[in-house]
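Below are structures written as structure tokens.
Shared chain: chain A. Partners: chain B in the first complex, chain C in the second.
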Partner chain A sequence: MVTGKSSKVGARIAATILFVFSLVWLFPIFWTLLQSLRPYGDVLKHGSVSWPQHLNLQNYWTALVQSEMWKFFINSVEVAVPAVFITLFLASMVAFVVSRYSFKFNIALLMIFTAGNLLPPQLIFIPIFRLYLNIWVPGWINENNVLYDTQLGLVLINVAVQVGFATFVLSNYLKTIPKEISESALVDGASVWQHYYRVMLPLLRPALASLGVLMTTWIYNDFFWSVVLLKTGAKRPITAALSNLQGEFFTDYNLLAAGAVLAFIPTLVVFFTLRKQFVAGLTIGSTKG
Partner chain B sequence: MSEIMEDGVSRRSVLKGSIAGAGALATTGILGAGTATEAHAAGKKVSVGSNQSDPAAKKNDAAWVAAAKKAGFDVKLNTVDHNTFQNQISSYLQGTPDDVFTWFAGYRMQFFASKKLATPIDDVWAKIGSQFTAGYKNASKGLDGKYYFVPTTWYPWAIMYRKSVFAAAGVDPKTIVTWADFLNACKTFKAKGITPIALGDKGGWEAMGTFDFINFRTNGFKFHMDLTAGRVKWTDPRVQKTFNNWKTMFPYQNTDTLDLDWNAAAQLVLQKTAAMQVMGAFHASIYTDPADLADLALFPFPEIEKANGREAVEAPIDGYMLSKGATKNAANAKGLAGFIGSTGYADAVLKVAPTALFANSKMPKPENAFARQQVELVQSCKYIAQFFDRDSRPDFASPIFSNAIQKFLGGGDSVAIAADLQKQWDALPSA
Partner chain C sequence: MSTNTSTAVAETPQRRRRRGNSFTAKDRAVIGGLVGFPTALHILLVWIPAILTITLSFCEWDGIGGIADIKWVGFRNYTQIFTLYADFGPALRNNILWLLALALVATPLGVILAYFIDKELKGTKFYQTAFYLPMVLSLAVTGIVWDYIFRNNGFVNAMLGADHPGHTISWFGDPHKNIWVVLGIASWRHIGYIMLLYLAGLKSVDPSLREAAAIDGAKEFATFRKVIFPSLRPVNVIIIVVTVIESLRAFDLVYVINRGKNGLQVLAVAVYENILGESARIGWGAALATILFVLCIGPIMLYLYQTFKADK
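== the complex of A and B ==
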């Protein structure tokens, strides 16, 4: 009886704590939404910590159409989609080899891939910048004939930065898949490619989906590389569009809030589309004895 | 950012509006030297990197680009948002920069000129020189004495206030000449429950304006320029005089300076809970109601040491430079630079930004009262500073100096702060 009661109290306390924390998390989002619906004039008159008198969608219209945020959104998609697919493709192949075949440099190879991830971009961007200025590309990609200031360059750097982490996650995941599956595939005469493509890749789906969500968010949110490796305003991604909403002297924070809401919608869409796989990807393997 | 256009007043138009004609420092010049007329061949291609990303500023760009087209230039505009443009400038100039790019006069320009990232344009100035006064000519030269910069527009810093607030408190801004007058006015406002001075320094740069004014009013213009350029040490006792004078203002400032950006502080003046703000003319940009705007005025920062009077002012000049890459397209880029220096450019911008203040001395004086005040203010001054972050090394102004100012406003010991500033200046790589 006593234990039952105390566990009930415990549950109450836990619920209260969870409730408070969810408020802490939700409040900034709620506040952003509220501010994004308020015209700047309303804030100016009543101060930003006041109950809004007018709410409308004007800020969204301004951000999307007048500030042409949609163009920057397309830029982001053009970088994020190829980058995520190439990263997952390359990383799954490396992970397949290091986890399914044993050879001398197996572990070393995996470590090299993972170690590359430990270098922060702030440390390597100057050599990368110099490198990009010296890599030739044909004129139809960039009239200056260098990789610098191209979206291709942005895709490549994102692949390079993300592939290490993706390899690490995927190889760990692959290790949880019983060897017997591979053995039976080999017995059935599958080539290496068939073994990878027909047997392992389908099994990797949950892990690929959850990684896909993470990578999309990371690459989509990247601001750093686009500042370092692009100079043309019109090529820059959505994160740059948000700085477009900030003025030289004056920033309309209500408009900025609307821009921020617009910018985070796509990541939510990706998450909810792949939610099932995402959760499965997080937990699969954890029950293995 | 967005323009607040609700009442048809755009901030930029106000801002830009201020000083036309900078007849200011102007004397007359010889006729015309219009380079625009020389560019006959159609479609001379030039690429231009622009930080003019605010909606109204974009309109200005569109206007002069259209005018340049008529003059024979095919301008490809690359607009990047203002803050990123500045943060990115170093890699931008070392990468594959546009032929011509927007930049600022002062040490900020000289820094990149001396790094050989800009193209000298003495030949352009041979044509447009007659349209600018000596002040602008000096502001356009690199440390090697060559021209690197074409000035276009400018705006001054001063003490911004609302006439109605001053009238209600019975304070006449014309009588505020000396530091004692100023502190007395502050006392009057404080007694009436109005914050005398609104100051926000959340961004780290806003209060630099106040520092600059107090410094050159206390120690003279030459000392200020020597200090910002590193020719005088921060440990010099005169720096402490500046900080000490500032401290006499502290009781009259709002206490949450580090929580407010300039905009939030300016709103205190707009909402009449504060009386004054030491700010650039862009203070006007938050006045969306024309009635409020008509109530806005400015007066010069008061005198501190009699010897220095009120003879110096901060009036940052914006303009254009040629990148080192422009050498590949030198004839076209220089032709366009000449156009930007001509009245052809200024006329086009004036049409969309009627309150803009131009460096070109051939432009007429502005009609707007607030803009005229700005021209008169600058005309009455002997020396023009560009603002701390334009007069000093870019890597010193921010983050080193901006942090120091924030520490000082937070109650830090000014002697320790000055010593620390010198230590950090000495640690910078030689420019």
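== the complex of A and C ==
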């Protein structure tokens, strides 16, 4: 049969294209990994494209311990973890109300949240920057007593921006949960808070997990806000700190490669262990009919 | 969702009354808090700053003095940007190039790869992983990773035999070359993102649609163009919106490579430069940000329309 043959040839062409593309895709990451395992002296002597004479983890040790990169990982955790938890908590509350009670403002509210998430960050950063310079915080948060140059400020802006997307996704998800569950909760005389906290929140768990994985990656990878809202280099999360390390490691590119690999290892681990959740998080919002 | 609730409520008036009466004062306060607090935070830190920026774009302010020093100057910032600000032309051009490269090359490629992967050939898992990987890397890391490929003594120059001092090709330093290299890197990341979104869409296509087309004897490409593609309208809209917004937001990659100078100017960096850079002019920065916003309005409205039209 003609169609059978041509589709077999088609499948072979498709497989070849996919194979070539995926090698091209992986190469830069593989190359950086290789650089990070080579001592700088080796590269200096033989050139960066040469058969590696020595491969070891020395660069990783130097970057993590001597250059104290581990401190920046702690900064990242201090920003991403609270930001993700607060975002999911706030977004689930709004999503609960707009999807379980019919108020006139529901759609307008969802539109505000959805559109707010799509605004370019540059549009909001000028007043935010000024505002942060004028908000007082206690000395134990920032010795200069302003919100600017604090991780708290970074958490706040990440929450405010991400809550838009999270509300949109969670309210879509809640639409797929049968109304009968709410009806029976109301018949049982549950208060609004019990309805939210006892009935809906547990049902939202899979969506919260997916969204949490996705948002942790996003906030961990955030660069713009850390660059504009933090002044002190030592307070920067790892993603933004890398560009400083770039200057510091200027003479030792292999050390920088180790730094870059260390910075993306957490996201790779998350991706490989929670790939389902990661993909689900990205597509919950996008494939609703 | 609210369509569902309101019809359900309309069908059973007794239930509505009971629910309406069951709101105690405490319940009402709880609902107010559940919606009010997140909304207040979002509006305070996103929408009010956005409106303030648009207002500031019509004003002059040195940023040092108080708010009383703000002077209304009408469209002067805009006319000055168009005529006096040397980086505006290149920045706008680069953002448009960015959009064209992603829209005409990267996005179609992502769709094609998704289509191939959807055939579930051998090794599908491996291919998916390869294409998704760049997406989990931050743009800052992406810049560093590609630097090893394109630096003066990097992989590409070594392959071309151009890695000896004095004979190197400066991929990032040459203002005629660097934007193309950067667009390639941006595509590397964008293709996987589009592929992921489209693959999810393809998986949701009703198999009977394809079978019906196959029985009609439609060729594969015709089936895709006439049956599958139109049925994926919501995903298509999302892909358009993601592509436009990503290309307008471009900041991290060029900032990491050379702080967005010398051939790599983009609007987002121009905003940053006018607020925190050496040549700080708040009015110009605000006007540039507003221009960026105006360019985003179209896709945002399209997205809202697509998403909420069913609810009206």
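By definition in this document, the second predicted complex is superposed on the first by the 246 of 289 C-alpha atoms of A that agree within 3 Å, B and C clash if a C-alpha of one lies under 4 Å from a C-alpha of the other, contacts with A are read in each partner's own complex, and residues count from 1 in each chain.
We adopt the following convention: contacts are C-beta pairs under 8 Å (C-beta built on N, C-alpha and C of every residue); 3 or more make two chains touch, one makes a residue touch a chain.
Keep in mind the model is a prediction, meaning the values are calculated, not measured.
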Simultaneous placement of chain C and chain B on chain A, clash or fit: clash
Please work out whether A:W70 is in contact with chain B alone, chain C alone, both, or neither, and reply first, second, both or neither. neither
Quick check for you: in the superposed arrangement, does A:R100 touch first (chain B), second (chain C), both or neither? second
Please indicate which partner A:Y40 is in contact with in the superposed arrangement: first for chain B, second for chain C, both, or neither. first
Applying the touch criterion given at the start, work out whether A:S243 contacts chain B, chain C, both or neither, answering first, second, both or neither. both
After superposition on the shared chain, which partner residues are touched by A:F129: those of chain B (first), chain C (second), both, or neither? both
May I ask you to decide whether A:N144 touches chain B, chain C, both, or neither, giving the answer as first, second, both or neither? first
Quick one: classify A:G233 as touching chain B (first), chain C (second), both or neither. first
Once chain A of both complexes is superposed, is A:V163 in touch with chain B (first), chain C (second), both, or neither? second
Mind telling me which of the two, chain B or chain C, contacts the most residues of chain A? C
Identify the partner contact of A:T62: answer first if only chain B is touched, second if only chain C is, both if each is, neither if none is. first
Clashing chain C stretch [against chain B; choices 39-47, 165-173, 183-191 or 237-245]: 165-173
Using the superposition described at the top, list the residues of chain A that contact chain B and also contact chain C. 47, 129, 227-228, 240, 243, 246, 256
Chain B contacts chain A in the complex at 1-2, 4, 6, 11, 15, 49, 51, 53-55, 57, 78-84, 87-88, 91-92, 94-98, 262-263, 267, 270-271, 280, 282, 285-286, 288
Interface residues, chain A side, partner chain C - complex: 7, 10-11, 14-15, 17-19, 21-23, 25-29, 31-32, 35, 47-49, 90-91, 93-94, 96-102, 106-107, 109-116, 118-131, 156-157, 159-161, 163-164, 167-168, 171, 174-175, 179, 183, 186, 189, 191-193, 196, 217, 220-224, 227-228, 239-240, 242-243, 246, 253, 256-257, 260, 263-264, 267-268, 270-271, 275, 278-279, 282-283, 286-289
Could you pull out which chain A residues touch chain B in their complex? 39-41, 44, 47, 62, 66-67, 129, 133, 144, 146, 148-149, 227-228, 231-234, 236, 240, 243-252, 255-256
Contact footprint of chain A on chain C as seen in their complex: 1-2, 4-6, 8-9, 15, 19, 22-24, 26-27, 30-31, 34-35, 37-39, 41-50, 52-54, 56, 63, 113, 116-117, 119, 121-123, 126-127, 130-134, 136-141, 144-146, 148-149, 151, 153-155, 158-159, 163, 188, 192, 196-197, 200-201, 204, 220, 234-235, 238, 241, 245, 248-249, 251-252, 255-256, 267-268, 271-272, 275-276, 282, 285-286, 288-290, 292-293, 296, 299-300, 303-304, 307-308, 311-312
